[in-house]
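Next up, some structures in structure tokens.
Two complexes, one shared chain (chain A), two partners (chain B, chain C).
After this line comes the complex of A and B, so read on.
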């Protein structure tokens, strides 16, 4: 699956794989918050810093970025017809998502070394 | 020169009927775009809550404030609708529920089930 010819198929696969992970993670996360909400800052920080949880969180951020990128890209391509404007909005979306990803990565790393 | 065929152009809103599956599908898009805009706020809250014990209580205070509680309900509704509509999409990809009656019924089920499920989650959180 490489090159422009398969770009649509690749996006389609990425969208569904990331969706499955995001869905499972959200159910797990909501379950945690409902049945065992973090009682203190220290309990919350050490939960995030747990190796499995921080790895799952980083995978979650990555899936979220890919999923949001494909989704917003499709919406922009469908509704924004002027080519220049579409390009600018796509670039802004990409930059915003990368910035959010970097921020999330930093937050998880800081929680681990604290 | 070929004659342009006369097309039925009517943007009379009373005559345009969106089928139920279109409403579910548009909801999938709207909820997705809404959650996209909420990503930075979620990371901000995560950052704040992990920064210090004071930040932790501040994050909880923000989540407990009235306007944020309202936004939170809409966000959870969007998330639940998005997940249910997404599951329906994947089922359709796998050729399940493609026949018209089932197709319509599942679209209706997603649309109707999302608000009460979201409400239960919102109250439980």
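After this line comes the complex of A and C, so read on.
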């Protein structure tokens, strides 16, 4: 699989699959907050620390980052023509997304070791 | 009936402008092309392409009240006044309503819109079952008028790299053809961020196609076929 293919078919498949997971998880998340909202910080923490929930949350962050990356990259390819500017914006987007992911990972780890 | 028509002659005009026209005698069932021919009698410098007058040749594609269509099969009766007529958006204007279609044809050429066979030429015709022939319905009818591609934002932003809906419909027309043998080659040529996957299913193409074809559906079929050949 060449890089060209990764940027075409694979990006498209990742966008669809992550969308399905995001859609399902959002429904679950909204359900949780509507029907059983955590009463305290401790309840909130132990909810995140539950093995299934932490795994689902990490998958959620990953899907969100991949989905955002493909989407933003599509917008930049469409609207930002100068190569240098596009490269800088892509790099900034990538770094910002990785930072968000690292933060999410940190939150889950801290909740589990506390 | 009131008309506002885009005028631009690069030899004399610094900038394009909209010219007002009025046509008194509107016959029942009159199409926009006939009205333009009448208006051309009022001002002979008005330039537009047209030929068959019945939606077969695809010469008189233009932007009518904001929507791409063929003037010859657009009834005046359904149009809001003043009728704004402009050239296709997003591609270079040569003069008035005449646009430079070269980029569009270049993209069409680039997808190799013809049967490719590797087997030796048979002694008889390449026969096709009626079912296989049915798969080409809704694909072969394209007249290359350019209404779809010039209505597509992805084609506006990347006309040199994105083949556009008309060319992609033709790729599917040959991928769907039981006699064609270049499936892998055709699919490989479409991968990457600028070819098939620059389509974001905006669906302007299917909305404006004067022949009622659906390039978005064809593109979806190509994506599904590519996925099937990759996993």
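Criterion: the second predicted complex is superposed on the first by the 109 of 114 C-alpha atoms of A that agree within 3 Å, B and C clash if a C-alpha of one lies under 4 Å from a C-alpha of the other, contacts with A are read in each partner's own complex, and residues count from 1 in each chain.
Assume a contact is a pair of C-beta atoms (placed from the backbone, for glycine too) under 8 Å apart; a residue touches a chain by one contact, two chains touch by 3 or more.
Only a predicted model underlies this, so the values are computations on that prediction, with no experimental measurement involved.
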item: Touching partner for A:52 - first (chain B), second (chain C), both, neither; value: neither
item: First, second, both or neither for A:11, with chain B first and chain C second; value: second
item: Touched partner set for A:68, first chain B, second chain C, both or neither; value: first
item: Touching partner for A:83 - first (chain B), second (chain C), both, neither; value: neither
item: On chain A, positions contacted by chain B and by chain C; value: none
item: Residues of chain C touching chain A in the complex; value: 153-154, 157-158, 190-198, 200, 223, 226-227, 230
item: Complex contacts: residues of chain A adjacent to chain B; value: 16, 19-20, 23, 26, 30, 33-34, 40-42, 44-45, 48, 64, 68, 71-72, 75, 96-97, 100, 103-104, 107, 110-111, 114
item: List of chain B residues in touch with chain A within their complex; value: 29, 32-33, 35-36, 39-40, 43, 46-47, 49-50, 52-53, 55-57, 79, 83, 86-87, 90, 93, 121, 124-125
item: Touching residues on chain A, where the partner in the complex is chain C; value: 1-2, 4-5, 7-9, 11-13, 73-74, 77-79
